[in-house]
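Below, each structure is written out as structure tokens.
One chain, chain A, links the two complexes that follow: it is found with chain B in the first and with chain C in the second.
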Partner chain A sequence: MTNLLRVLVVSMALELRQLATSRFMLFGVIVQPFFVAVTTMFMLRHRPDFDPVYVVVGAALSGIWTVILFEGTWLIGGERGAGTLEYLVAAPSSFMLVVGSRLVGTMAFSLVSMALSWAIGAWLFGYSIAIAQPVPFLVSTALALVALWATGMVFAPLGVMWRTVGAFLSTMEYPVYALSGFLFPILLLPGWSRPASLLLPPYWAALALHGTSSGESLAFPLVAVWGLLLLSTAAAVGVAWPLFRLVQRRARADGTLALT
Partner chain B sequence: MSDAAAVPFGLTVSRMRAIELENVRRIFRTTTGVLRRRTKEVVALDGLTLSVGEGELFGILGPNGAGKTTTIKILTTLLIPSGGSARVLGLDVVRDAQRVRRSIGFVFGGERGLYYRVSGRDNLHYFAELYALPPREIGPRSEELLAMVGLRDRADEKVEGYSRGMKQRLHLARALLHDPPVLFLDEPTAGLDPIGARELRDTVRGLRERGKTIVLTTHYMFEADTLCDRVGVVNEGKLVALGTPAELKRLVSDQSVVELEVFGVSPEAVARLRALESVDSVAVEQRELRQVLRVQTPLGERAVARLLEALGGVEVGRVSVREATLEDAYVRLIGRIE
Partner chain C sequence: MTRDLRLLAVSSVFTYRALFMWLNPAAYLFNKTLFPLVQMSFFALLGQFGGARPLAFYLVGNAVVVAFQPMFTIAGAVSGERRLGTLPYVVGSPANRVVLFFGRGIGQALDGLIDLLLAFWFASLLFGLDLSRANWLGIALAIATACYGASGLGLFLGAAAYLVLDANVLANTAMFAMLLLTGANVPLEELPGWLVPLSSALPLTRSVEAARLFTSGGDLASGLGLLAIDALVGTLWALGGLALFSWIETQARRRGSLEGF
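On to the complex of A and B.
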């Protein structure tokens, strides 16, 4: 158990250091939420129903989603490109644990976008960014991050096993913003898109965070939303587990752990 | 687990076996085409059988694509053989992969395989954790290895600023973190400057003296000659020779090598040389605008006049005659120079 925790901590730390020097990820976690928050606040601030908290949470979610989408999908491929994948797979520690721990680091890194969005709303625009239900909001944040981490755990083996799937996932950045209601309610979308929203963990994450931050009543009881976030986490881990075994087995059988 | 395995050229080995390959085959499948995809099979290993004794420094020689790296990757559990079996310290590399991994360290040639944005020391600490070294041992073990590979002064710099030689030495330090009894080194000195390569060879020699079993692949014949207890020559996925460097050199002990520096030699002229009765093999090495022909012949200096005659009007520069080396034995076995 101690060793598992140590692998978790050192892998998280390595991921944070890697991401902190990655221009693409810094763009995703800082520049993009900045633009999203600023443009949305400029666009909507004169509307009578404008809620700055909604924009802050939405902009933060956009940064979190971008980071987990791209890092999750390309983490293993990136290790392969750097030539480190063989050394990770050949180490006695569980490869899934190593990748999972790295993605925990990714989630921690993505929180920068939440803090930044807050700062933009509070300091740049001078809004009072008050959380209506602080404790439920913290619980929602934790469950949302875990659910998005688990989604990344499914993306990681998929992205490296089938490059087409990886490329497809990479195009899902903005569609998921829209379908999950990060910045505007999904009621604005056509009805036929609703089932797709309900299948997305980011939708339930956004619902919980928007609801607890603004205090508005939700279409579903908050406990049910939390339950669905936990359920989606369990389902994603349940899918990721055999995928990780498959990706290792196939890579060893096909000789694709290295690019050369 | 000792053996006296029959091998090509009747040479024998008698030690406790640390590594065993039995009739190992490995086939790679690649596809070509976009609309009409065709699958092509490439046989990388074709029934390779050999064993390496405990504490032995064993060299695998062979041209590019011979199957050297494939052999190493199978033994390091990174590739599953298509057929046959491979064992390290008695453990099957497919069924007991996890246990094999705890007992081996490996270094693949080249600059990749390290985290460039963190320091050399951080790279070692990270992998030490992945190998579950006790926390109290990680610091001292890393320092010991950094000192051994001569990187202590640069250990806190980011790896991206390291030279190729420094990266290679860091690779070696990482491979030794958990003090594995078996080491696999795939072209560890490739691309290093002469001094760096010599230092790395000294380190490898030291590891052998400490009782490690080492499997080394290399393109450098003198490296195999000076380092290895035994050498296996692999070509097209098959073992074509096995023995000590001295035993392999004996394959060409009755031969001399005439080296002719020529300019613009034609394939026809080379064919004429090969057709001479007193010529055993001709290797052509391209060196910028000139070529060096290495002709193996039992006649020594007496062959020179016949060779020049067979070359016809080809412009000839320096001509020298020398005794055959391990490289010449290799050229005779493989039949060409890369």
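On to the complex of A and C.
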């Protein structure tokens, strides 16, 4: 147990140190959410039912997702590029635990975008940003972070095994914003895209966060949304598990990982 | 003159081909073609949800902003010289600097035209953008001007990346500034006064307005002035990039700091 915690803490610290010196990730967590939040405030503020909290929450989610998506997709590839992937896979510590812990560090780093979005709404635009249901909102935030982490865990092995898939995943920034309803309801999307939304953990995360922050009633009871959020998160981890095993097999048994 | 033209052609073709060193066909399809289309769709849907303007307002605006694509590739091509270790050869060569510098942008700018055409086609096909009354010559000119202007900005950002070391971050910042400040998503009259000079300095601001005019059937004369201003703004950015590149080169020669300026 102590060893697991040590791996978690060390991997998180390493990740935070690396992200803090990455210009692109600093852009993703500060500059991009700033522009997304300001642009969205201007675009949505004419709605009769405009709620600045909706934009603050949506922009924060978009910032977190951007960092998780790019870091998740590049993390293992970065180890491969540095020539350290084989050492990492051969080490006695679980490879999935190391990558998962680094993504926990990414989550912690991405929280900056949450604070930034709130500051833009409250200070730059002068809105009163009040959370309607603070305790359920905090629970939803914690669950949402786990859900986004789990989605990143699916993308991490996919991005390194097939370059084409990796290139495709890097375009998944806006589609996930849209399919998850971060900044507008998924009802605006064509009906055939609805199943994809329902399968995505970020969709349930956004539903819970928007519902508890604005106090508006949801289509499902909040507990049911949390249940579905946890279920989709567990499913994402379940999908990630065999993918990580495949990465390990290609690195250790086949020795072909560097060739993909 | 013939040598300079040859250099321009060779420089353009090789810079474009160099793009494919890192950009495999899948990356080209997804990053260079699909990404701008999903970005356009996202902001168009966001605008539709906001409801302040009709959907066509956001579709046309964001289709023009797709011109950011050559800006990315040009900025990357110029700044990539140092990362790949080829900058000393460029600086040491007797080639015409002006031709060499502008040659970095031509292939990418022409390729960017494809992205813009696809954006308008996509907006029409998927979102039903009404082009039945469109002034096609005007739209073609707006597309070409947007591409030209964004490419000029790309040349400047590529040179600026020698100082701040990251063309990607600079180009991304410029892209988000375009989404906010060119009138593509937020009408210019709604922007605070202190942001207006920034909006005017961006090379797509007038192209967006002209494209909207031409899409709704406006005559050529009504938008040509706007496009001329954007072409001038793009040229000023490109010349600024050349001046910056020349200054950096002189300083680097003087201080022997070419690789670590």
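Here is the rule we go by: the second predicted complex is superposed on the first by the 252 of 260 C-alpha atoms of A that agree within 3 Å, B and C clash if a C-alpha of one lies under 4 Å from a C-alpha of the other, contacts with A are read in each partner's own complex, and residues count from 1 in each chain.
The criterion applied here is as follows: a contact is a pair of C-beta atoms (placed from the backbone, for glycine too) under 8 Å apart; a residue touches a chain by one contact, two chains touch by 3 or more.
In this text, all values refer to a predicted model and were calculated from it rather than measured experimentally.
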Where does A:P185 make contact in the superposed view: on chain B (first), on chain C (second), on both, or on neither?
-> second
May I ask you to decide whether A:V135 touches chain B, chain C, both, or neither, giving the answer as first, second, both or neither?
-> neither
Does the superposition put A:R47 against chain B (first), chain C (second), both, or neither?
-> second
Would you check which partner chain A:Q18 touches, where first means chain B only, second means chain C only, and both and neither mean what they say?
-> first
Applying the touch criterion given at the start, work out whether A:V38 contacts chain B, chain C, both or neither, answering first, second, both or neither.
-> second
Would you sort A:V223 into first (chain B), second (chain C), both or neither based on which partner it touches?
-> neither
Residues on chain A lying within both footprints (that of chain B and that of chain C) | none
Which of the residues in chain A come into contact with chain C in the complex?
-> 23-24, 27, 31-32, 35-36, 38-40, 42-47, 163-164, 167-168, 170-171, 174-175, 177-178, 183-185, 188-189
Per the touch rule above, chain A residues touching chain B in the complex are 3, 6-7, 10-11, 14, 17-18, 21, 82-84, 86-93, 98, 252-255, 257-258, 260
Along chain B, where are the residues that touch chain A in the complex?
-> 28-29, 70, 73, 76-80, 98, 101-102, 104, 106, 108, 110, 112-118, 122, 125-127, 129-132, 135, 174
Touching residues on chain C, where the partner in the complex is chain A = 24, 26-27, 29-31, 34-35, 38-39, 41-43, 45-52, 165-166, 168-169, 172-173, 176-177, 179-180, 185-186, 190-191
